[in-house]
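Both of the next two complexes hold chain A, though its partner changes from chain B to chain C.
Showing the complex of A and B:
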């Protein structure tokens, strides 16, 4: 056994060495970039060749001076650039304004100097001198300007592709609260957060991840509030990532999370700018990935997955009630089927006699033991749910009709399951929809079967054993060094104000202590003290 | 994670002490006390809790001798390699039999009361697996989980007590002092050794407590709450069931749960009591097994205690299965061997260690 592990270790080490060598090779390649040639035709040729003559690359050569030698070329990727800007502004300026200026003092100055002096239209303009950079800029939506006879080019920011407009988020919906959600574009998303927090302390760092996709990833944090240790940890973990591509936060999440073998999510994700902003103010780090409307929030606590941003927009008493309700729903979704199995197979004496009699009468015609019955129904329900998510929208009504039959009266009439079982499955389903975060809800779906198995073999004892194991596992989890179950365990009195219940806003003057470890006191607002009502009465009269 | 220093908060230490005190005693000790002191069991209980508080003060003094060393290291430091090694071996055997007895208690209870058709070994294995899972997760995880569960345990206890208030019969307490002071002290003999002397186990984890100056405080808090829970359990057993009936039941407090009837809606809440018992006994066993494994780790200076959990767990299961074929044999074992053994290991030896330690310290100063 030990030998096996050692062998494996040696293998892994060898692999790592190979990888490092490969990396060194690629690094070497990167370290010596190919400079732009002075010959414009050669440059164009190389770009075309390197990109495999791709159909969406547009290269246009123009003659600017009186002689045939003063050639320039613009290259852009069709679809990634704002065509209007390129055609109406850039080409027009080049062919009219700059041409005139050049013709006036031909041969006196270099073209590149002219471009620098006569500012080119466009927001951000950078000089490029090597081929790799210009290709990368070209593929990220910039327009590249090449000049004959000079080994410099210009990269003009002309990004502008079709993207979805800001809509109401489809997850984490609220009755009262902002209705805007993140979109697929990184810039729009950072702007949405920036619009909420106009502080100079909101810092945005950008890195690229993905050897092939070169996905832009923005790390947002509040300087001065964020815990430096957590921020550093987030950065080092992100830098370690070496993959071909990142398309969604989910795949990045798996690469940077603390614990892989757990059904529980240790990184929070949100589609709502207000939620991201309030998390920033609590000292958390927000990671926005280009191409997905879901931003990652780290570190995440267990209670966070049972909270909704609406809790802060409704009255405190109502919000507290709803939070407790969600917690109850979480427990119900987890334990209802297993409790049913345990009670009907092991602890019939726990039920009042009348209920027991009617239950026994219902189960009389059912051929299966309670466990098989519950398993059958739960699996059928899971299949229906998956079908509902995955199928084309147009046949949605078909599934609801079939589903109602399968999980409804027809199944009972056929004598396959009992009426009570249908109720049990329905309560479980509805309860699991109450959990506001989808990734915690799916954890519950998985654990439910584990609990059912324990209940079928050991009754209540099995359920308690399962609960103990679950809690032990939860307490051993950490999210970027922060204990997952805080502020319950380790217990923290201040944290109780805003976890399972929510106290009025004026009482919430502290940030989560485990996250913003040093500076955890926020601004304090005194509790509102309205004028005596008698004074107002006097004014009215 | 492994290289990180283990730190548990003082609150977590207290909750662990509460659970350790309540665990396995709550169902068994009412019978023992009723056997010894009849209807005066409650007086005996209160007396023992007071003695327990004094005892725990003494324990925290031992911990205060070398705050950064756990009991084994402390003993080795004070008594030297050979004598210390002998004492450590005896204490280790005590911890081992303690965990065997605790595991036997839960198995015996489940086998006779709830899972009648399940082989006892299966119950042992399942419970031990959960304990090993917890111990491998680490002391911090066990401590944090205790924090999660303690509100549930205390509120279930509170509910049970509230439900039972209607069926109290005060005549059951009469006549007071029938057996005289002798029988009360006899009851205390059992009660002191059953949960309170076993708290010696906690001297193995005091070095990990965050604020070491308040160890005594947390220790006393835990014992006070745990002792209160036990005293209430005993008193209610006597008040509702009567001394005679309490004595003749293996698990009188569990029977108590069956007596609850509230307006025909809530009946037979013995499952509440079963839950209290599972949870508290789980933590008792988890702490003991943690001490067993980490103790062995420190004796042999190993890097990690985790590989030891599985063999030690198996050893406990096998011992529990082979040693006691019936409940009667276990009771006999406890009476004849374990109670006196507890007094030797947890009272006589620590006193010797403490006095020797004090003398050594004074000599050093002088």
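Showing the complex of A and C:
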């Protein structure tokens, strides 16, 4: 009891400290920026000091001008800038080309004006007047030009670091469809989307999150289609985030999602520009984070996680079949082990006699109850799977040998598990791989154990109770205010055309109603009505 | 919120401990019972249970043990006797997969109603098993015969009932719910198919029985046992059993044979419909039965038999005549036993309920025995098989 109170006190104290710290932080933010000094040496000194003399900061002082009296300095971060640009263009300009400008400079205007108006190459040049901004630009890959005698500097965009080239996405693969995927660079990613949607309505807003990392985050949406309320909600939630750093969408997702205590993902993520673009056209908001190839898409619906972008590139009938198949696989992955436990330990009368006999024959001599047996196998499988993901690629084949031969065959031969259980676990595993979105697939993995527990205690009755609980939970979920189960609950007739099945493209003239609430009717394309062959013949002749 | 969640998780973990899986039964804890034979004992019942040995039927390493074994117990009531079997059986009997119940001849003669109570009351037992009457003195011996092809003898019986009912008319598969509904309805009496062992009963229970072609002892279904109320009163012959099935509209497919000059002609009946009409004549009921059958010629051995329209009409007429006679004979037999197994009384009740109120008193003994039944059979031979004329008739003389 006493301990509890003490603990609570400690917590309270900590909270107070945090508050104070926050106030300090806000003080820091609000304090007036230090302006650049007119003395170039002092500026250089301050920058060096503030950055702790870091090894990757390069500062080069030089004398220019006809008389060589004018001192300037360029600072850049080695590795973040394109060295060619800095050396071949900027330094060359400053040392060589500037002379001509000097000769022509009859008005004797200030050096900074000269630079700004005449000589500095480079597309994106901004004036900097305070130290903080120049340090920030310096660390983002810009080159800072400081001039002696003036309290104005220039920040030249010279970003150019080694980055992965655009490759085929490793998740969400398709047989037919675009093979390009997002990369780690934010600019490339927005360009990939921009290349798909050339409309002026594609608006990109950029903010920075992470007090230390200052990660660039782009918010993409289609102006006019997006629901303003949802957009505002996304922005408010993003602005609320106060963390040290964001390295992947996953950590940002946890900070802005609607419901934490749920196994189901309420924000969609994609590695595919085409998927991001089509989501934009449906009125969703896409959040691209610098440094990760996974873009977040909000709001997300449950059905979305069982759809693949290829559904729209294959024929409608095949796509519908595959979608239904995925729903079946979803249910199988969720319920097969638990149903097996329920039927074999509680409802043997549900099986045909011959099937019962073969199952019973398999189980003769197996020492554990069906539940323990299933739990054992499922856990072993999960371990194998995790090992397979984390292991160095080179020894990957060892896992399959150990897994398949030793654990599968030998366990059966040794009489520890029955053959049927191996089949059950395999079907479950294969079914869970069918779910196209990894974050839903892992939700199923977790829920499977919950259902197994229910089946072992209450049989089929338990499974039904579990399913009811799951559906109630799903209906209670919201993704940025949009019901997670829509268009099933609340039911929407138009939405059915593109959820469990996909109708032909010409029938899909509406956007998801719950998402693009204001403007949900698209331009309508009439169904193709080919002229009959007689007419075509006539035209030819 | 977090507190609530922790509580919920805590309770979930407790669930399996609390419930203790009280009615869980692992597959290898079950004695799967597929056949039950019930005999009259001096006091109460003698029950024989046929239990499967799953490892022997579907296991990987099969030994030369038998696929089924039987356990016996005697008790004052059926339930008691079944529970008593646990004395000798290694596991508790699991009744949901019961396929066949064989009733002893003696028991059937004494009355079966008391026996059926347990079978319809117990929650484990389903109603989709067939009931048979043993023609042997002892029903238990039926369950002690190994069968070739199907390792589970009761499964063999179950399937031969189904197939013989479909393709050969003189048997009838009666399930528990059917039997009970016939028993409780007015103006109807049940029948059950009989079963007996053909051949040497000595080898029946040993593996030797299935090591030979042909098996020394075989389980056979034959003929129908007629009940009056719940008591066995007599056995119908094969042709009577078939006629019974015609009259009660249970025939789906069968064959009929008629002699002709030089041999026999056989037809396959593909479709048979029975129409029973009740009319009132002088205040007494009269039943008019119309049997219509569709048939195809299956085998012809006759001399000079040309299959033209005239001969086919003649054939139709002769088959119809035979069938009418067969039916009337069967009705006569039932009248002799004073039991309305055809359910004529029920038909009267359905069609003329007021008349039924007048005649239902002592229906089996008086009404049925004096009932006038008109049987009219119609045959319609539609096909002659893949050949028209028999090639034999051409070559002769």
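Please note the rule applied: the second predicted complex is superposed on the first by the 490 of 541 C-alpha atoms of A that agree within 3 Å, B and C clash if a C-alpha of one lies under 4 Å from a C-alpha of the other, contacts with A are read in each partner's own complex, and residues count from 1 in each chain.
We adopt the following convention: a residue touches a chain if its C-beta (ideal position, glycine included) is under 8 Å from a C-beta of that chain, and two chains touch if they have at least 3 such contacts.
Worth saying up front: this structure is predicted, and the values here are computed from it rather than measured.
S.K.: Just checking: does A:488 make contact with chain B only, chain C only, both, or neither of them? Give me first, second, both or neither.
M.R.: It touches chain B, and chain C stays clear.
S.K.: Per the contact definition in the header, classify A:358: touching chain B only (first), chain C only (second), both, or neither.
M.R.: Once the two structures are laid over each other on A, A:358 reaches chain C alone.
S.K.: Given the touch rule stated above, what does A:349 touch, chain B (first), chain C (second), both, or neither?
M.R.: Both partners.
S.K.: After the superposition on A, what does A:366 contact: first (chain B), second (chain C), both or neither?
M.R.: In the superposition, A:366 contacts chain C only.
S.K.: So, does A:245 touch the first partner chain B, the second partner chain C, both, or neither?
M.R.: A:245: touches no partner chain.
S.K.: For A:461, is the partner it touches chain B (first), chain C (second), both, or none of the two (neither)?
M.R.: After superposition on chain A, A:461 lies in contact with chain B alone.
S.K.: Just chain B (first), just chain C (second), both, or neither: which does A:450 touch?
M.R.: The answer is second: A:450 touches chain C but not chain B.
S.K.: For chain A, give the residues common to its interface with chain B and its interface with chain C.
M.R.: Shared contact residues on chain A (touching chain B in one complex, chain C in the other): 346, 349, 458-459.
S.K.: Quick one: which bits of chain B touch chain A in the complex? Just the residue numbers, please.
M.R.: 9, 11-12, 110, 114-115, 118, 123, 126-127, 130, 133-134, 137-138, 140-142, 144-145, 147-149, 264-265, 267-268, 271, 274-275, 278-279, 282
S.K.: In the complex of these two chains, what residues of chain C are touching chain A?
M.R.: Spelled out, the residues of chain C in touch with chain A are 1, 5, 12, 15-16, 19, 21, 23-28, 30, 32, 34, 52, 54-55, 57-59, 94, 96-97, 99, 124, 126, 152, 155.
S.K.: Give the list of chain A residues in touch with chain C in this complex.
M.R.: Contacts found on chain A: 261, 344-346, 348-349, 353-354, 356-366, 369-370, 450, 453-454, 456-459.
S.K.: Within their complex, state which residues of chain A touch chain B.
M.R.: 346-347, 349-350, 352, 458-462, 464-465, 468-469, 471-473, 475-476, 483, 485, 488-491
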